[in-house]
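Both complexes below contain subunit A, partnered by subunit B and then by subunit C.
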Partner chain A sequence: MTTVLILLLLALGAYLVAVIETWTITGRFQLAAPLFAGIALLGRESIVPRKPDRIFFEVAPVLLLISAILAAAVVPLTPDLIITDLATGALFINAALVYVLVALLMAGWGPDGAYAMIGGWRFLGQLIAYAMLIVMPITAVVMRAESLLTTQIVVSQAGVWNIVYQPLGFVLFFIAAMALAFLPPFDLPTAKGELAGGVEAEYTGVRLAVFRLGRLALIITLAAATVIFYLGGWQGPWLPPWAWSAIKILVVTATMLLIGRFMPRIREADLLAWCWIFGIPLALLNIFLVGVLVLVLP
Partner chain B sequence: MITGARQGTLSGLRRLVSIAMARDLSTFLIPGPDIARAHGLDFEAAGLHPVASPRHASVLLIVGAIPPALREAAAIIYAQMVRPRVLFALGTETLPPLPAADVVAGLSQQDLIQGIRQLRSAFAEGAFRPDVSDFDAPMLHVRIEYTCPMHPEVVQSEPGSCPKCGMDLLPREAQATAGHTHADHQEMDNSADRQATSTHDHGTHHTMVHDAPLEYTCPMHPEVVQREPGSCPKCGMNLEPREAQTEPTHDHHHMTHDAPVEYTCPMHPEVVQSEPGSCPKCGMTLEPHEMQDTQTQEHAGMDPHRDHSTMDPGDMAFMSMIDVTQDLPRSGDGLPMEWIEAPFGPFFPGLPGGLLLTLTLDGDTVAGSDARSLIGNGDLLLQHLSMDSGSFVERLANRDPLAPVAYRLLACRALENVAGMDIPADTACARIGALERERIASHLGWLALFGQQTGFDWLRRHAASLQLKFQQADLKQILALKPAIQALTKRLQRTPLLESRTAGIGQLAPDATLRGPVARATGISDDARSTDKTCAALGFTPVSREGGDALARLHVRLDEIAHSIALIKAAGAIELPAPAHVGELSGTGEAVVETPRGLARLQLTLEGGQVTATQLDTPSTHHLTLITPLIEQQELGDALVIVGSLDLSPWEIQP
Partner chain C sequence: MSALEQYGLLLGLTIGVIAFVLSLYLFTQMIGKTRQEPAKDVPATGGQLSRDPVWVRYHARYYGYALLFLAFDMEMAFMYPWAVVYKQVGRVALLDMGVFLAILFLGLLYGWSQGALRRQ
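Right after this comes the complex of A and B.
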């Protein structure tokens, strides 16, 4: 029952992400637009490129969707509304999302097209930049909660949210999450003006619909992960827990989608250099600071 | 009814789908958004949703008349679009080889909106049809040519044997030739193939594959190769078919199959022996290696005819990077990767429409490039033309939709020079007003394209809407827009990542061949307006910046927008130049105009009032040659920013 409910909420969340995304681009709230776009995609032909790696080409969109759903399985929306409260929940999110890279690489290689292939390579490079900045801030979050249980992580923020307790970790995680969801300005693998869609370029019809759904689910899952790690999850006054979860997740999603509109796409070389030169030392510093705080504060 | 309908009867569910499609008009724009805006069209406000890949589009929108080479490229784009698809033409009906447009409308926002209404109803009613015919055009067919595996210079259109060595020639797909300008060669083939599967034309590609001898090999044990299907004697897996490899450059293993084998330890390369066994240092089983045959290797490495787009993991040893990469050409960084040739354009979302940039990519680094314009605007260069002066001015003005005022002014000035006329000061001022207004609009259009290219969506939309406002603005409106320009400039100075994206990219040294903002960004204050008395009287001073990189070019354009507003204010009027009446005059004349892209020069000869010879020199023609040296060894994203920062107009490039 919980599983079905969470899956339905994930679908609803993905739909809302699409609505918010349209809003950030056109400035208009069009509740029905993603519905029409989705149906239209299903009505179009879905063609296979001429020399595909058929397995990679077919599996990639599905894998992207699956990895987002897997990660969503350990995200608690209320103390009880969680598919499985794994003892290794915090790490499981990271483990599930590794398949995003695999899916994009497959989508890049599968169609045997130049733009897609370069998009796949770019995301492989991007992984080297963001991967450590996902794991290391999570480490600091776990240190405070003294547990990998995602519910326990939320409970540990009862007094002070992690965004206040470890702001540095929040900034790093937020940036890395955007890079993982290949949202602008980190949309290197799909870059419209540089690769005409990149890894997405060769997908059409139903396959494209699955790919886009996977991307939307990934965004909402990462926003939810940000909320439980740093924004106190379901906690908040007056409103019921589910409402707080929903509000926080949608606000984080909107922020993630808005930021990229106001700056040009980052250069891949800069992303790599900055993440290694500044990101990792800062993440280590964050772990150290949180360690000191955990020891000093009761 | 739409010609690009998808096959099927319009049942209840499909009716619903059709209605959804009519609401969601994903549009691919030809020649590009820059031209649409130059015609004053705001297609997003009209309800079209632009997409970057023709694969994702259901509407192909053609804006204005386009030359034959672009129509050919557009036909390929149309074939790449999945059905149902519609063709929507604005201001033109000459489309072959494209099919007739489903909806035709005039070149104005009003007509565009009207046309979209028609488009929606056409979609809702005709997205599915039981009898669909395929779109076919000559450029969609894959041509097969035959070549000798040993003598790549032997290429012919018929099968046969090599005149040099007598070997049977092998079929291969013909490489994209000069006239073929695909947005993506592979994509084009797909669509040709897709259509082939549904109709009469059985794809040449299939025939080719089936005619080639097949052999069967184990995916895990590449040394197992046999003519018949079966299972692997080593692991029992089903053997997989592949084309028999006879080209030596394609298959290192087969080529050197008889080469002596030596055994070496994967961890200790210094351990080499001629017999199998285990490593004396670590005990690992030694792996067989073919002894290097330096001669063949060199030959393979230098062979320029290697088909880099073929990536068949089947002929590579499992996971051996050395085997995979040893025949590949090396680029500057020494890291061997597959080189791929990819076309960017002529309708690439981040480049000016009509510009074809073919990049040879080594990974995502540019190893080679070729840039040219597909517009082919050479008709005015004819030495023996005869045209009355009035229509000559119109021809030159309509030649470049991105700078019509500047070229109109150029033609008028040249005619006046022949006639030895002097222009009244107030007319001259009003002309400057029109020229500067165009410069502002053009620079804003460039900013919008830059925003599009770099995914800076706010800039794309904001600059585009400002451009549309400036284009037809009168004096009062322009002065009212001044704060918006100031705000834009301020915003861009504070934009994160903008500097890192452009600083040091596309560095140019001061050079006499540079023109316009590109030259002035290298610190040269070279501007044709400096020598113009009217401009000097209006308080013109050339804008220049040090740096010579893409960032400096961005800032020069921003400064020029501000300066142009000041000039328009000083000029006090805006008036399009009108051609002087020259009568039966004969003689030669010359004129220069600082167009938004730099100095353009026109020399013309009049005989009895007829223009008989012209010579035109445009900035983009010079800047086009900068591309190849500038983007060599640059990362793809940087290379595109460099090409974009030159602000080329394919319409003014001389063939």
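Right after this comes the complex of A and C.
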């Protein structure tokens, strides 16, 4: 029952992401546009390129969707509204989201198209840049919560949210989450106007619909993960828990999408250099600071 | 729920997503077929087949980062269990991991000095 409810909420969330994304790009708030776009995609032909690696080509969109949904399965919206409260929840989010890379690399390799291929390889470089900035801040969060249970992580923020307790970790995780979801300043694998859609370039019709659905689910999942790791999850005064979760997740999503609106696309070489020269030392510093804080504060 | 049931649920979720996608494919096949027409299946390269093959060896110009990444990724495998028991073990844990991380960080600095943190 909970599973079905969360999957429906995830679908609703993905839909709202599409609405917000249109709003951040065009300035128009069209509530029905994603519905029509989805129906149009289903009605179109889904062409397979002439000499594809058929298995990679077919698996990639499905795998993207699966990895986003599996990560969402361990994210609590209220104390009870969670699909499975895994004992290794925080680690599992990581494990599930690594398959985003696999999916995009498959989508790049599969169709035997030059643009797609470049997009796929670029994302491999992007992973090497952002991956450490996902796992290291999560470690610092786990240190404070003394548990990998995602519900326990939210409960540990009862007094002070992690965004106050470890602001450095929040900033790093937020940027890395945007890179993981390949949102605009980091949209190297898709790169509209430069790679003609990159890994999306060879997908049409229903396969593209599944690919885009996977991407939207990934964005909402990462926003939800940011909320439970740093913004106190369902906690907040006056309103019921589910309302706080919904408000926070939507605000984080809108922020992620809005930032990309005002930033030029970052080159792969720059992203790698900045992530390793500034990002990782800062992430290690964050672990050390949290380590001291956890021991000093009661 | 026991751990086994939890993983069973996650497996069920995976199979459910695959079934959902397959049913979606079936539905679109019912409402209209893809017509086979000449040159429709050319990849998006300006309407022509690309001159060179695409599946070739690719120069991973970030290999310096990639090697460092391996070291740091292995280190993360130790960090998670350490982070869970950190508060219980106390100051010793901070010192232990501090030494470990300091050595790794020196490795990062060494790599930087040797030009590993540069797209080759």
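Just so we're on the same page, the second predicted complex is superposed on the first by the 298 of 298 C-alpha atoms of A that agree within 3 Å, B and C clash if a C-alpha of one lies under 4 Å from a C-alpha of the other, contacts with A are read in each partner's own complex, and residues count from 1 in each chain.
What we mean here is this: a residue touches a chain if its C-beta (ideal position, glycine included) is under 8 Å from a C-beta of that chain, and two chains touch if they have at least 3 such contacts.
Just so it is clear, the model here is predicted, and its values are computed rather than measured.
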(request) Considering only touches as defined above, state whether A:Ile247 meets subunit B (first), subunit C (second), both or neither. (result) neither
(request) Determine, under the contact definition given at the top, whether A:Ser147 touches first (subunit B), second (subunit C), both, or neither. (result) second
(message) Under the stated touch criterion, which partner chain does A:Asp187 make contact with: subunit B (first), subunit C (second), both, or neither?
(response) first
(message) After the superposition on A, what does A:Pro264 contact: first (subunit B), second (subunit C), both or neither?
(response) first
(request) Considering only the touch criterion stated at the top, classify A:Leu293 as touching first (subunit B), second (subunit C), both, or neither. (result) neither
(message) Looking at A:Gly113 after the superposition, I want to know if it touches subunit B, subunit C, both of them or none. Which is it: first, second, both, neither?
(response) both
(message) After the superposition on A, what does A:Leu81 contact: first (subunit B), second (subunit C), both or neither?
(response) neither
(request) Considering only the touch criterion stated at the top, classify A:Gly205 as touching first (subunit B), second (subunit C), both, or neither. (result) both
(message) I'd like to know which partner A:Leu65 touches here: subunit B for first, subunit C for second, both or neither.
(response) second
(message) With both structures fitted on chain A, tell me whether subunit B or subunit C touches more of subunit A's residues.
(response) C
(message) Let me check the overlay on chain A: which residues of subunit A are in contact with subunit B and also with subunit C?
(response) 42-43, 45-47, 49-50, 112-115, 117, 121, 196-197, 201-202, 205, 268-269
(request) Using the touch rule from the top, collect the residues of subunit C that touch subunit A in their complex. (result) 1, 3, 6, 9-10, 13-14, 17-18, 21, 24-25, 27-28, 31-32, 34-35, 40-45, 50, 54-55, 58, 60-62, 65-66, 68-69, 72-73, 76, 79-80, 83-88, 90-91, 94, 97-98, 101, 105, 108, 112, 117-119
(request) Name, in rising order, each residue of subunit A that touches subunit C in their complex. (result) 3, 42-43, 45-50, 61-62, 65-66, 69-70, 73, 83-87, 90-91, 109, 111-117, 121, 124-125, 128-129, 131-132, 135-136, 139-140, 142-143, 146-148, 196-197, 201-202, 205-206, 209-210, 268-269, 272-273, 276-277, 280-281, 284, 287-288, 291-292, 294-295
(message) Show me the residue ranges of subunit B that touch subunit A in the complex, using the header's touch definition.
(response) 6, 14, 16-18, 20-21, 23-24, 26, 44, 51-53, 55-56, 58, 82-84, 127, 183-184, 186-187, 189-191, 193-194, 205, 309, 311, 340-342, 348-350, 361, 363-364, 451-459, 495-498, 500-501, 635-638, 640
(request) Would you mind writing out the residues of subunit A in touch with subunit B in their complex? (result) 25-26, 32-33, 35-40, 42-47, 49-51, 112-115, 117-118, 121-122, 184-185, 187-188, 191-197, 200-205, 208, 260-270
